[in-house]
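First comes the structure, then the notes that go with it.
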Amino acid sequence: MATIGHQIVFWIIAVVMTVAAVAVVTARNVVHAALYLVGALMSAAALYILLLAQFVAWVQVLVYVGAIVVLMLFGLMLTNAPIGRASLDNNQRFLAAVTAGVLFLVTSFIMVRAFEGQSIDLVREQGTLTESVGEVIFSAYVLPFEVVSVLLLAALVGAIVIAKRD
Amino acid sequence: MAVIEKVKLPGPASWLLNWSRKYSLWMMQFGLACCGIEMGAAIASKFDIIRFGVIPFPASPRQADLLVVAGTVTDKMAAPIKRVYDQMPEPKYVISMGSCANCGGPYWDSYAVTKGVDQIIPVDVYVPGCPPRPEALLQGVIRLQQKISGENPSEKWLGHTTPIPVIPEPGLAGGV
Amino acid sequence: MAVDEHRAPRTTESDDARRLVKARRPGFGIGLLKGMAVTLKHLFKHNTVIQYPDEKQDLSSRTRGVIALKEENCTVCMLCARECPDWCIYIDSHKETLAPKREGGRPRKRNILDRFAIDYALCMYCGICVEVCPYDALFWSREFEYAEYDIRELTHEKEKLSDWMASVLPPPALEEGAEYPGSPTRAPEVADGAAAPVKPVQAEASDAAAGTPERRGAQAAPLGTGGRPADAGAPKEAKPDVGPVPGRQAEAAPAPEGAEPAAAEAPPVQEEEQQAAPSQEQAPGPEPTAEDHAGPGGRTETASPEVLGIQMGAEPASPSPRESTETPSPEVLGIQMGGGPAPSPGAGEDAVGAPEEAETRTPQEGPDPEEVARLQETPGPNVEVPNEEPKPTALDPTEDPKEVYEAVLSDQLAKGSSPEVAEARAKVARVKAERGIARNPGVATKEDS
Amino acid sequence: MFDITLATWQILVIKIIVILTVVPVGALVGGYAEHKVMAHLQHRLGPMYPGGFHGWATTLADGIKFLYKEDIIPAAADRKVFSLAPAAIMVPIIMTYLVIPIDRALIVEDLDVGIFYLLAVGSLSTIGLLMAGWSSANKYALIGALRSAAQLIAYELPIVLAAVVVAMLAGSLSLIDIVETQNWPFAIWPPGIGFIAFLLFTVGAVAEMTRVPFDMPVAESEIITGPFTEYSGMRYIFAHMFAEMGHMVAFGGIGATLFLGGYQPIVPIPFLDFIPGVIWFSAKTMFMIFLFLWIRPTFPRVREDQLQKFAWKFLIPVGLALVLVTGAWVLYV
């Protein structure tokens, strides 16, 4: 149940996001690719906001853009990673494109079939979303949440152990 | 900027440009010898060169407007000075502070000293002294500000080719 | 900071030291707060800024701001130009022949100053020219505000240099109690006008210079041609490549390397002359403790050609006594000769050879009382001898002597002095009161000094 | 008070204009305050001649001058990234102004995730710094960019933890709600927790702004101006001066909102209610800014490893402990 304005904004964001996503994989420069990734992730956050999912949107910004991409850039710049365009060329682009296309089609199919016919009421009362997200996470999904936490903790400890060795 | 070079600016606009340049002289400090100490004194509390809008802040020549060459310019240091000057963005000014930077000073017959920084970069104000008092540097800054306020921005943007404007002698500030 | 605590090398410390450190360490973050308190305290203190163009710092009277030229004192002796380490003084002159001073005398020749310029872009403000000037033509001024847009403007010609004279301070007053040679109680004479230094015989300097015509001419000729830079007429045009200019000047000079050692020895010679002077019947100069160039102009005047002669090597250095008696100021040169330890024909060379000896002689040695007496009877033309008698400082009795006597006596007895001592002190106090001298030692020194 | 009805897009335009005016003006005033406060802390006077009265126009002159200075892009630089980096630094800082409540009704947008929004947006300018440093083709710029990225990541966490404490005590993420629940400064109940959170926030904010004593990313004695070494003219003033000053004003406002009671009177006395909230808010913001300016001339720059140790080994554990204590307090007291 979207107004015309919503539609226009959606399509603008969608086009930007698609272009950015394509640029991520076609960019010859890794740093450029990471920066295009920022664009794609920000567009995703914009889409969340369009769906009134503010909390999720800002989590997207905080975690993906503010932390993950920064860490990627940080790693690229701090290590001796090959950044130039020559080092990125290989002969498997066709294969990669086919794989990505197939994956995209499969995912889209599944998503469309799963949520076909459902509609979200975009004009419902505000101020409840963050609360409801919190309640759901810490009541119904508390076990997966804690499992994920433990997993991250294990990864963290493992990283420290590896780093400490030398 | 291309526009400023080509278009003749109306009076208020060029006044504004001159005014802003005059009171926002970010100062690149090139202290090379004892004059550098006096330059430091001019920056410090007692003389406080920031009162004139001369801000000794930028560490990078890219953000500097004013290069103060204070001290003996050796031939080895001449190249870095030239380089720093070339790295500064265009409306830029140079103050040569002290006899060494002006003319070589006590080292006028040294094989290793450049006889005046004006042999490598254009100098706007020469401050005499060996070393000059901090106030002498401040007076040099005042003279530079007087010079800036009489400038034609569109000519200035073409570089240092403009003739030095004739500005009436301000006399001894304060008199004796 | 907490970070530093982790880094402290604990293992090397003994237990005692560790305990001490622990005891001394304040609570966490206290140091940071103390630092903040310090800066905050300074926020409310008055600032120390001298707002330069609006308010001026009171500079020391000896500030080396700019060198001023007193043009009429310059005799184109070229000493300043030759002594200048930077070769930044340019002097031009020409000779004029003047009529003889009296009937039948020889016509005199004088050097007339055409150009005197100091290149302040090059000057290193060492002040050697001021010190070396025998005729007091150069002075330090405190003025420092002459930054220029064009480096050529920094070469101040003699007009501008003369303008700076307006800002030259009068010389400092003599120390209280300091005496002029030959006139113990004379008050320090403040020259008329700010520019003129204390120099009673200054006006006669040029006369005396004119008094030795041939020798001056002989000396001045090589100086005038050789010491001047070859292109001195047009140094303004030569300014942009200013580096080579002094070099050319050095080449143009006849023998700069040879001249320099001689120049280095010149000051002792002068000093020797100066020390010799006060003990002779020379005119009383302003003060024996002043800088060496502040000596009486007439005396230094006669000394300098000789100095120049030694420096230049242009002629045999020592003037013979016969020659000196020929000069129109015989007694002046005679003094000079007699002043040296050995009145040999080569007095000047002797002085050069024994500079240490000349220096060890203290300039404070008082004037010969006989000479002083003689001088006061027949003062020289340049000398003003004050006639008034020396006076005690205070003459009005301020207290009643008897009361003072009683008061001091009782006071001393009350303090526990023996009766003899108390009486003696009381008598002293009475005498002091009679003569109007302040009694209290602390007060007395203050008033007397 | 005024009965004006506006269309949505009109309100939006007005909001954008207001924000785009407030940010540079705040940056200029902040810059002037920095000159003056630092000068007086050092027995100086600071700018006196620009503009006449106590040099009020000195930052204005800076702004105008930098607008038309020659804009240099090094030949080896990555031109696109180099040009975009100032925007990537500046935009997040402008965005933080959106949710700071100046008064009960004076807020651009009262998001129900306000505090979370602030944290998310605040993490964005790191990318701009990395872009600036990497694209300059200058080793000092790159080192500075890496330093600032490491520092911003490290010191975001204490701020997050301090903000979490405040959100837990207030029971809401909305900044208006947080202000309304504070009758006293330092999120009063329990007072100790609020004060420690305030200290955590202040330290973190100073480090986030890369100001002294945590200014290693722009340490001029080591790496010139860090990521901004190659920037000149307008790009420089947006990337560095406006950004730093705008950041400072924004953090002042955030600190005043989270810890000092925002637009509320300093103590809950009805007598003080006649003073408008704007004035309270401004006074508290100015206090915070003065605190930042006061810290700058007081402390020397710490070393890079000290900086990291201080964040990871001290501030973050303290913050975590504080969150635990606060949780216990909220649950059981």
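Labels for the chains are A, B, C and D, by order of writing; each one numbers its residues from 1.
Keep this in mind: a residue touches a chain if its C-beta (ideal position, glycine included) is under 8 Å from a C-beta of that chain, and two chains touch if they have at least 3 such contacts.
Source: prediction; values computed, not measured.
Looking at B-C and A-D, the interface holding more C-beta pairs in contact is that of B-C. Innermost chain of the displayed assembly, by C-alpha centre distance to the whole-protein C-alpha centre, is B.
Chain geometry summary: the mean Cα position of chain B and that of chain C are 36 Å apart. For this pair, chain A with chain D, the centres built from the Cα atoms lie 27 Å apart. Rounded to whole angstrom units, the spacing between the C-alpha centres of chain A and chain C is 84.
As a whole-number value, the distance joining the C-alpha centres of chain A and chain B reads 53 Å.
In chain A, there is no position where the chain touches two or more neighbouring chains simultaneously.
In chain C, the residues that reach two or more other chains under the touch definition are 47-49, 51.
For chain D, the set of residues that touch two or more other chains comprises 39, 42-45, 48. By the definition given earlier, chain contacts exist for A-D, B-C, B-D, C-D.
The touching residues of chain D, when paired with chain C in their complex, are 37, 39-45, 48, 294-295, 297-299, 302, 306, 309-310, 313-314.
The residues of chain C lying in touch with chain D in their complex are 1-4, 6, 32, 35-36, 38-40, 42-43, 45-49, 51. If you check the complex, the residues on chain C that touch chain B are 47-53, 56-57, 65, 85-87, 119-126, 142-151, 154, 166-167, 241-244, 246-247, 250.
Within the complex, the chain B residues that touch chain C are 45-48, 51, 99, 102-106, 108-109, 115-116, 118-119, 123-130, 132-133, 135-136, 138-140, 142-143, 147, 164, 167, 172-174, 176. On chain D, the positions that touch chain B within their shared complex are 35, 39, 42-51, 55, 57-58, 60-66, 68-72, 220-221, 224-225, 228-233, 236.
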